[in-house]
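What follows is a pair of complexes built around subunit A, which joins subunit B in one and subunit C in the other.
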Partner chain A sequence: MVGLALKNLSFYKGRSITTFLLTFFSAYFFIVYVAFMDGSHSSMLKNALDVYTGSMQIYQKEYREEGGYDYLINDTQKVFNLLDNTRGIRAYSARVETYGIASSGERSAAMMLTGVDFEKEAKLSELKKALKEGVYDSKGACLYIGSELGKKLQVKIGDEVSFVGSAIDYSFVAELFKVCGTFKTGMYDFDNQSAFMNRDYFDEIFLSRSSASYIVANVNEMEENDRIAEEVAQKLPEDLRVYTWQELMKSMVELMKIDSLFGYISMSLFFLVIFFVVMIYGFINVSTRIREFGVLKSIGLSDRAIDRLLLDEIIILTLAALALAVPLGAYTAYYFEIHPIVIPGMSEMYKQYGVVSDTVPTRFSPLTIGWNAALVFALNLLSILYPMLYVRSFTPVEAMRHV
Partner chain B sequence: MKKIAILLALIVLPLQADEANDIIHKVDQNMRGKSVYMKLKMVIQSGGHTRSMEMESWAKGKKRSFVKILAPSKDRGITFLNLDGQMWQYIPRIERTIKIPPSMMLQNWMGSDITNDDMVKQSSIVDDYHAKLLGKKGSIVTIELTPKPNAAVVWGKIVSQIDTTHYTEVKDIFYDEDGSKVRVFTYSGVKQFGRYFLPTVWRVKPFNRKGHMTTIKIERATYDGVISQAYFSKSALKRFSR
Partner chain C sequence: MIKLKHVNKYFYQGEPREVHALKSIELEIERGEFSVINGPSGCGKTTLLNAIGVLDEITSGEIWLEEREIAHLSPREKTEIRLTQMGFVFQAYNLVPVLTVAENIGFVMRLQGYPAEEIRQRVHELASILQIEEKLDTLPSLLSGGQQQRVAVARAVASKPKIILADEPTANLDSKNSIKLMEMMKRLNEKEGITILFSSHDAYVVENARRVIMLDDGALV
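== the complex of A and B ==
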């Protein structure tokens, strides 16, 4: 039957070439499109996690809902000991956050000031790499300030910034700080409202001592993150809770899911067109061969065998197209993962969506490529169903007399 | 019968709205006068700590007010100016005048449970909200205040209990846009100052912050006296800080 199918394919060249090309291009573009979509999502997420968020964070239970100084972690050392005894934790650090008004001259802006251990942060986040001007790990009344916030306040290295907020005991705090370093992570909101200060001086001003708003940790292997987070959660005191990056970046993850959904909807419209074109070509081809099927039926070929013949034809065409499209698509996905496309100015244009780089990488995933190819294969098989039913509707005599 | 009921409703509902507006205006008048000077004490309980502050305030009409902190000594001389809806602060320790940006208007004022917006938008209850009479029980009326369309307000609704004996507030419950209770103001110790009546003890309790409460005690109030125009300019922040 395969031999007969091959003969038919070479005889009906028009249909074969059209089906082959449509299948090839749709499979190739599908693989590349999904690779770019997944790649840009992974890149956004990775940037956000690497820059500051880390792979998990530990909070007092009510902190994320209620906020404020009432829900700080007071015994950070206890959590540090616990993290030291957990395998797979690469680095951790405590952060204390406060909000207030930063002002310089006539300009003022809301600012999130975070007290950090600069040395530990360097192992944990991209804050050090994001240094734009000045010094990263300054001491004393020094600020490491976001570049956009610096622009808003019109300050440069060495300038003074006044800060008005409240200490941990809610008493009034007003201080003058010096800008010692500026950073640019590329995440607009973050760069627009954040500033950092060495922990010792922060504790002195805001009376935070050994407290922390939260403790951030990174793991050696991201695949292990959920398991390690679960292990940490079991060891933690009852009033503390671990949040994994999926929970911390929930809105971003959801946004990406929605974006992927719209991407797949657009692709499904494209596939619908391809599916109908392939089916119509298949149907026209079958229509012109009704008399041939009539002869085959009259010499004893069953409907099932004819179905098999048609199936073999579409399977051969699809497999041939996929055999070319999959390696080519996989190579494209792999190539652009290593050498991402660079679109100058893209990060500036899409900064509000968390795009921090001008590169558009792909994500090479054999599993994704596999299901992409399987979907194209399944759709092509589906496209031959109606032509098969059409052939079955004729008796041998009707088919032989068909004009 | 149905027509009579509709007719009655058409007559009664605007009357109720007028009555509610009238009550709110009288309360506002009692609080504000033509001008008012006050000496206040604020006790702030938060996170297991208790702090107290003393201050003086001068206000003229709805758009101008000036506040000076007298105690504790570390905050003495901090001044605030509310001028036409904008708020400025002078801090003598760092010798800086700071404009409070709009994004910080909902931040707590000096670590208390009142916000910067409370300091600036006291007039908005009258100007930015529709008043509706919800009920009467003796001399106490309950009025619901809902924002007028396009009014730049932060509360979704305020339910206010007012004692109509002297037109003073008894209790205000503030709701957010989702209809959840955010905080409650309770007022007591009504005293007469000239021809005005004013509750002299205000308690502010946020619903979402356990153990937090701010008590404001009005120790002295002088209505309709002469208040120098000099208080209501940016230069006053530094000048009257001393």
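== the complex of A and C ==
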């Protein structure tokens, strides 16, 4: 049957070329599209996690629901020891947060002020890289302010910002800070509300000593994160709880799911069109050959053998198109993963979506390319089902009389 | 060898344009016969031939091939009967356009699973008899009508079927080619013992047949 299928493909060139090209382009664009979509998601995730959130955070159980100073982690050293003894943890650091009003001149804004260990943060997060101006790791009443918050307060390096809030013992705190740096993570809300300061001075004015609102950690391999989080959770005292990045960034996970969903819906529509075009071409081709199938049936070719013949034809065409589209699509995805497309100004335009770079990230994944190709293959096989049933519906005489 | 019992065939049954194409046909054809179904155009010759060749459904009745009723078999079993027991020659030749002459002749043998060498020998033997040896690598579309019909005959006899059904095989041939075709069919009938059943209203074919089955308006006369 394969030999006859090859002869048919060469004889009916128009249909063969059209099906080949449709399959080639749909497979190629699918591979490249999914590579860009996956790339932008993993980049969003990487940015979000690396910049600040980390891959897991440890809290007092009630802190995230109740908030406030009553639920701080007091024995941070115990947790540090535990993390030191857990394989796969890359870095960790304790952070302590407080909220208050920041003012400069006649402008005021709500601010989340976080005391951080600059040395540990450098290994853990990308706050250092996010610094736009100023020197990292200043001592004393130095404030590192989010770029959007800085704009709101209209402050620049060296300006003074007053902060009013409360200490751990709920006493009143008022402090005058000097702006030592501005940072831009690309996460708009974060840059619009946050400021950092040296942990030692934070402890001094807010009386937090060595307690922490939470401890943030990063792992070496993201694929291992859930397993490591589970291991840490088992070792933790009962009053502490581990939150993985999926729980911490539910909205981002949902956003990515929705984005993927819409991406796949638009791709499905694209495939639906391709599927029907391939099917219509297959059907037209089969219709013009009904007499021929009638002859084949009359001289002893069974319906099953004719099905095989049609399947062989579409399989040969699809495999030939995929043999070209897969390496080409894989190469394109790989090339753009290494040399991403740069669109100047893109990060500014899409900053609220967590876009921190002007590059369009691409993810090269052989496994993903494999299932992309398998899907195209399956759709093409599916497209020949109706023509096969159509041929089966004729008796040999009906088929030979078909006009 | 072939026995038709009370065979009826209606087209568009139950509709205003209903046609009773075969009317209670009772017919027996013995092994090795060289017969022709004769009658005016539209009398049901092709319909009868298609019924015997299980190419089309009949409305009622029975068709027996040897000891087996074949009209009510499954499509798969009918295909098997056509493949292993019958050879067909059609008025419009009906060769497979993508296959060469040699491939067309050997096609049925290939479906039956003959070894390639045996197919090759048989194809050459038949091509020699039918004088189309030099056309073996040619596509059917490049042959004349007479040559295409000879290829169709070669395809029909290649696997040595028990019966050859030929529907108006000379209709598209000139008289010279018609005579050649008839002589060849006679030879096959005599040499290979193949039962041959024509449908034709060609006077030459009718004259050369050993038995003439007359059909008129769907009924045997």
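Assume the second predicted complex is superposed on the first by the 403 of 403 C-alpha atoms of A that agree within 3 Å, B and C clash if a C-alpha of one lies under 4 Å from a C-alpha of the other, contacts with A are read in each partner's own complex, and residues count from 1 in each chain.
In this section, a contact is a pair of C-beta atoms (placed from the backbone, for glycine too) under 8 Å apart; a residue touches a chain by one contact, two chains touch by 3 or more.
Owing to the predicted nature of the structure, the values given are computational and were not obtained by experimental measurement.
Partners subunit B and subunit C fit side by side in the overlay (superposition on subunit A). Contact with subunit C, but none with subunit B, is seen for A:395 once the two complexes are overlaid on the shared chain.
In the overlay built on the shared chain, the residue A:88 is in contact with neither subunit B nor subunit C.
In the overlay built on the shared chain, the residue A:69 is in contact with subunit B alone; subunit C does not reach it. By the touch criterion stated above, A:263 is placed in contact with neither subunit B nor subunit C. Between the C-alpha centres of subunit B and subunit C, as viewed from that of subunit A, the superposed structures give an angle of 130°, to the nearest 10. Once both structures are fitted on chain A, no C-alpha atom of subunit B lies closer than 67 Å to one of subunit C. On subunit A, the patch touched by subunit B and the patch touched by subunit C do not overlap at any residue.
Against subunit B, in their complex, subunit A makes its touches with residues 66, 68-70, 99-101, 103, 106, 108-110, 162, 164, 166, 168-172, 174-176. Looking at the complex, you find that subunit B touches subunit A at residues 44, 46-47, 49, 51, 74-75, 78, 89, 91, 93-94, 96, 98-101, 103-104, 107-108, 110-111, 208-212. Residues 50, 53, 55-57, 75-76, 79-80, 82-84, 88, 90, 94-99, 107-108, 111-112, 155 of subunit C are the ones touching subunit A in the complex.
Of all residues in subunit A, only 4, 7-8, 10-11, 291-292, 294-305, 395-398, 400 touch subunit C in the complex they form.
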